[in-house]
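Below you'll find a set of structures to go through.
What follows is a pair of complexes built around chain A, which joins chain B in one and chain C in the other.
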Partner chain A sequence: MNKLNRKAMFLFFIMISTVFISGCWSQKELNELAIISAMAIDKNEDGKYVKTIQFVNPGNVAGGLQGGGGGQGPAVTVYTATGDTILEAHINASAKVSRRLYHAHANLLVISEEVAREEGIDGIIDAFERDPEVRTESKIVIARDAKAGDIVKSLTSIDKVPSEKVNKTLLVTERARGENIVVSIQDFISVSASLGREPVISGFRIKGEPEKGKKMENVQQSELDATLEASGLAVFKEEKLIDWYEGDLAKGTMWILDKIQQTDVKVSWKGKKNAVVYNVIRQKTNVSADTKNTYPEMTIHVRAEGDIRELTTPVDITDPAVISDLEKEIEKEIKKQLEKAVTRTQKNNSDIFGFGEVVHRTDPEKWKKMKRDWDDEYFPYVNVNVKVDAFIRRTGLRTNSFHSNTEK
Partner chain B sequence: MVPFFKRKKQSNKGKRQERDSSGSSKNSAEEKDFIGSSLAANVDKIRQKTGYSSDLVIRLINIGPQSEIKIAVLYVKGMVDSQSINDFLIEQIMKNKALQEKIMPNEALDIITEEAVALGGVKSVQDWEELFTVLMAGNTILLIDGINKALSASTQGGARRSVQESTTNVSVRGSKEAFTESIETNTAMVRRIINNPNLWTESMKIGKMTKTEVSIMYINGIAKNEIVEEVRKRLKRINIDGILESGYIEQLIEDQTLTTFPTVHHTERPDCVAGNLLEGRIAILVNGTPFVLLVPALFIDFFQSVEDYYERFDISTALRFLRTVTFLISLIAPAVYIAATTFHQEMIPTQLAIIIAAQRESVPFPAFVEALIMEVTFEILREAGIRMPKAIGSTVSIVGALVIGQAAVQAGIVSPAMVIIVSMTAIASFATPSYAVAISARLVRFVFMISAATFGFYGIILAFIMLTVHLCSLRSFGVPYMSPLAPFIPGEAGDTILRKPIWAYSKRPHLISGENKVSEGKHQKPGPPGPRNMTNHYTEKGE
Partner chain C sequence: MEKAKISAYQLFVLIVLFELGSAMLIPLAIEAKQDAWLAILIGMAAGFCLFLVYYSLYAYYPDTPPTDYAQKIMGTVLGRMIAFLYVLYFVYLSARVVRDFGEMLVIVFYPETPLFIMNALMVLVAVYTVRKGIEVLARTGELLFVLVSLLAISGLFLIVVAGIIEISNLQPVLEEGMKPVIKTAFTQTLYFPFGEIVVFMMILPYLNQPKKAKRTGLLALGISGVTLALIMALNTSVLGVATVERSLFPLLSTIQAIEVAGFLERLDVSFMVASVIGGFFKITLFFYVSVAGTASLFKIKEPTQLAYPLGVVILLLSMMIASNFTEHLQEGVDIVPLYVHFPFQVMIPVILLIIAFFKKGKQNDQAINK
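Moving on to the complex of A and B:
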């Protein structure tokens, strides 16, 4: 009767035992994880790192669920831990959290202005890049005029998870306004590792009172006591924060970095300020280098297309001559922004525009000589020409404004 | 260890030889037992052999001027068409003028055979075994005193299910009729579709006790001779008590029994059989069941329905894609959920991960146990639903919907996401056209779940590789089970997950069909009439 092939049985048992001996190796249930949504790095008076970790409270985020009791409590819970190193602070945090710390869904890293100014952020970033669980697509922002911890502690409405709110805000404002830039950990690393370029990171500030932002009442009103808002570009030099750019300066920087997707340009017309508002819908900026002389000569060529979106005074935009005059005005205005950014940046000795990379591409031989002291010896003395071509494509839903008739 | 295995093999071989020799000796021992010439003795023997069964009717008739010739008419009640026995057999014999004259029993036999009986299928029977087989199949036996022969007339009839609409292979378009339990009807239904003398059938009786009629049907020239021979051989080898359904045959002629995947196709539809015969397959019809077997069966056949060929090719191709996807869903959906939520949380989009985490907050079990509970509950419900009397069936579905749908979620025992996954899997498994493959997917699903629970996605891939290797190792009557995908046959890949247009089917599947490979003439692609025909006509008129 014993027809079973013993060899087959033996193999079968070996295979089965691999299943049962290994058990559920590295298995972790979703409800045993503390899902980290954001992390913030500060420094305390003792010179220790303070790591603030924002955890998602799944039950409070996924509203309208049975058993979830959506919206009852805060969407996130924040724990703080200190340590001499980032990892030590992280490990110390486990003493306060009942679940396994899980980084894979963390998408925001906030670094305080103080840390960025005083000791640079390269050392901090390494810990995050090395950790296999942390995503290098997580975005970095600098906490401006605030503690980084306070940024992640503030509760937000609409997007209940604050890290989501910060990320989406950055993305939207980069597209619509063009004064902030989205920088992820890996973007920062690749720029920081390049000799011909210095990083910029967007700043975030708390508008209002940080203390009130931590309470649930903050999100139970139409106007929040504390709102997180994107504010300015942090300019780095040798991994340290040295300057903040805002308004036209930030816009000019974004133009040169070819990051503008949409923005507004205000133009004066016949002596009246802000008479015409031009909305850029498409642009392409090319930076080229001429390395004939000792100091390279850079040419920035902007080609912008857009619509007229606001007329505060009657302008006869049905006249092609007027349109081409307006285009010239717009070109002048854009050029002004760019030049302003270039002047300030050259003064800072920090090549955030990546001119060095352009020189490297154009003349690799010459770059070899320049690369060591590019930022201090060459970049400030580079001659920059700005050329702008702006085109008005449409004028919105109207041609002439209705108030051009009432004038007469 | 090695010598031990060797010994094992040898002993197996010895046994097999023993069995073969015993089988052959039995065949030679069989001797024919002939019918005697005494009517009384014969009738007695029949009654005795049938255990004086009450449904055996024996009607004695006397003919000749002095009623000196005794005739016995025997048949089994209910299995015969009594109308035709009365009208065409008994009445004809009694009223025949030639039989009223003085004749010898020998002459009487001839007259009855040639003149009196107004029925088709009259033949003489000489040995007892054949007599009983014929009698039990519903024929009428005629015995004449003094003659050592019997006459059988085919009077099969009685109540049978009529041709009805198919219940298992339902289609929107196409013939509605399905096979019945009667093999004659079934054969005729196929013949009605393929009106060709090359449609050959071979009949045999299988089953020591049941003597079930089994026919092989194929198109001579299109079917591959080697495969026909193989089918014949495998059917002849069968030596069991009874064949109650074609499933018995299926299990006895499979190439590989250690698999959950079917290597023999079965269908209830004559048009499906006809289509497969035209591709060179061989049909095995079994009396007493509406399910006809088709061999060789390839894996991809189980994802195709006859309707694919009735709809236009773009629609059929889309539907075949859908079926492949649903098969994959029914196979690995719970496994992927388990792997993603217990091993690879980083692969779930953040928002979804948070939602699932929120749902799982109150669930006391690990995802695997949760999935197992739900899957087993569902299988219980399905099994309960199938064999329930129809009146209670709705109760099962209500209770089931409440238990797995709502109560379990509200009680916090399972998460709503898991309910979605399980229901999706269940629906997907119903979307596979072949029940046979859907069942194996149900079984294999649990293997996938276990490997996902132990190794995550790695385990799923591992199980998937093993499944693929297993499927590639299978054969159906010598034809690789995964062909034409593995081995890949470029010309035939168009009729797998894709369904090329009908006008592009120029060749028959080459691993299955015999010498006659061309199934279509050239230039079958239709198009509008040529410009000449159209324009000339109008311009001529205009001018």
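Moving on to the complex of A and C:
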């Protein structure tokens, strides 16, 4: 009897524990969640934050290509809400959404240029960093010449979820062109918190008409009415946006930040512009500081390797002497880009290159005196030497260009 | 003392899991900024000395727990007082660790679950384990140590592969000279986590090969010290000092930063598994020695009977010791090391050792080797 009792008790406890330890305390089924894919922050005329939240419509994302499944509606739905703080706007959004807002899959935060220029973005970021549900690996971009809300409202093709499209575009263009940088919330915070460095964030703009971008018709044509496009680097100083870098300036900045993976360098040959296009395959940039004098002296050393990928004029690239001359031209061109970026940045008094951090590492003692007014008192007067070593390794499948033959 | 024996390997595993327990979660030694790893290593070296003190006491009395030999050394009255204080100390630390882990789980993973439930569940598991005795705990340790090691190795591998390490974040080394590093080592890391090995004074008598105690203890301390230093170096190099300083659980942020091949990401769960395992051992070991100490002090025949009442005490204490997490952390950094750890980890053991030396003379290893 006693034995039976014990068995019964044991069974009873096992059954009870299925209720208590299965972790259903705050269980949420998938159909109770509204999965956020991107968020955008604007400000309205009353000075309140406008938070635009992009939700994934799971049924409409899946399977266009696999046949069936994919619904007719747009892949995302967007709601906006206002509030004095980010959190308030977020909570207010719940009045419009039938499900619990679920952050863990959000991977994009868009901030409007206006907000970034006028009040800076440090105040916005804290709410995102503090919340354990938000991923600090989410990427940040600045909406350029557009409302941040419009960026997340635009429908996109190929990648149907716009936040995916923005993230992937950033990643691809950072790799291939090197004028944009992928910055996550975490990256932004760690740079922003450092005294010896100021952040840069990529810009995104809408090419076309934002109003048409919201309609399904936008993605039902070969050329979209509104396309999201990576555009420029937003330069910050003391948490506020102060400048946009594009083209050579952006590239020069990316070189110094050692973020270039691949990019093209056009050089002229015998007076002809853009005669040779050099494609960088890999590079390494080192920045070092010499702190003997009052103003530190920085040396940027670039070592690039790459191929010749395009000849617009006949150049005899079978001749090693020509190759080494070309290398010199390429070095000059890269050096020009870097110097351009340095000059402009020193004018901006904003050390986006992290020279301050290098000085800090090299000479901690001197840095202590400089760190408080590094950006305004020291950084603009730093002497910067640029040294570039470029190597042409290969020339593609062909040696000389076919127009070498037609020349005669 | 229960009749149980553990092997040297089991002791090793218990020490490592215990040392890593809560220390790997927090920004350990961050007062030393980017030199935190160095402060940890120095703390570890000093921890070796402390362990040798405990070991020497053990060598004098290889078969009795300190709650007993304190009475032999200091006389019954004073010895009992000391033993009682030690029991309180262990109970308090156990409650602190319960609180640490309860808060961690609530902050990171279960924001809507009350802290009490978290703490109660953990204490419940600890009570169950303590009732089963030290041998079961040691075997559990052997099993879970493999899991934790696998997580650690794969975690390290993924962090390296993800390419998120910025060695320059660790520079400049010794920016402010040695002073802040030494200060951090001797005001923080020495006591937490290395000095906490004092609980193993109560576990050492269970060792089946007393000869191996010294080597095992030092090796385990060394491995956990190097691991902790590596963890802090990784945290700093991945996140930067500024972020680590502001993080409650920097290791979590480091793991979240891993993104490999587009799908090996959001590995938070491995952090949770490793930390809960470590926390379980830390709580249970503190809890176990509280029970064992109480039993030997009050001559209770069945120590396991104490598990439930002491469990309730620890649970309630864990809820009461601080009204919010900020207060709990502040106590842990400012008050506990100096006013609680220092007397119990350094002062009392050293005094006991000196008196024991005069009483028993230089017979150190003989007792063990005979």
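One rule holds for everything that comes next: the second predicted complex is superposed on the first by the 384 of 408 C-alpha atoms of A that agree within 3 Å, B and C clash if a C-alpha of one lies under 4 Å from a C-alpha of the other, contacts with A are read in each partner's own complex, and residues count from 1 in each chain.
Basically, a residue touches a chain if its C-beta (ideal position, glycine included) is under 8 Å from a C-beta of that chain, and two chains touch if they have at least 3 such contacts.
Predicted model only: the values in this text are computed from it and were never measured.
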For A:292, using the defined touch cut-off, is the partner it touches chain B, chain C, both, or neither? Pick first, second, both or neither. neither
In the superposed arrangement, which partner chain does A:136 touch: chain B (first), chain C (second), both, or neither? second
| task | Would you check which partner chain A:25 touches, where first means chain B only, second means chain C only, and both and neither mean what they say? | result | both
Q.
I'd like to know which partner A:58 touches here: chain B for first, chain C for second, both or neither.
A. first
Touching partner for A:190 - first (chain B), second (chain C), both, neither
second
The answer to whether chain B or chain C touches more of chain A is B
First (chain B), second (chain C), both or neither touched by A:102
first
Between chain B (first) and chain C (second), which, if any, makes contact with A:361: first, second, both or neither?
-> second
Both partners, chain B and chain C, contact chain A at residues 25-26, 104, 133, 135
In their shared complex, chain A is touched by residues of chain B numbered 4-5, 8, 12, 341-343, 345-346, 350, 353-363, 366-368, 409-410, 412, 416, 450-451, 453-456
Chain C partner, complex, touching residues on chain A are 21, 25-26, 104, 132-133, 135-137, 186, 189-190, 193-194, 357, 360-362, 364
Per the touch rule, the chain A residues reaching chain B in their complex are 3, 5-7, 19, 22-31, 33, 35, 37, 56, 58-59, 61-62, 65-68, 102, 104-105, 107, 133, 135, 161, 164
The answer for chain C against chain A in the complex is residues 107-113, 117, 121, 168, 171-172, 175-176, 239-240, 242-243, 246, 253, 256-257, 259, 265-266
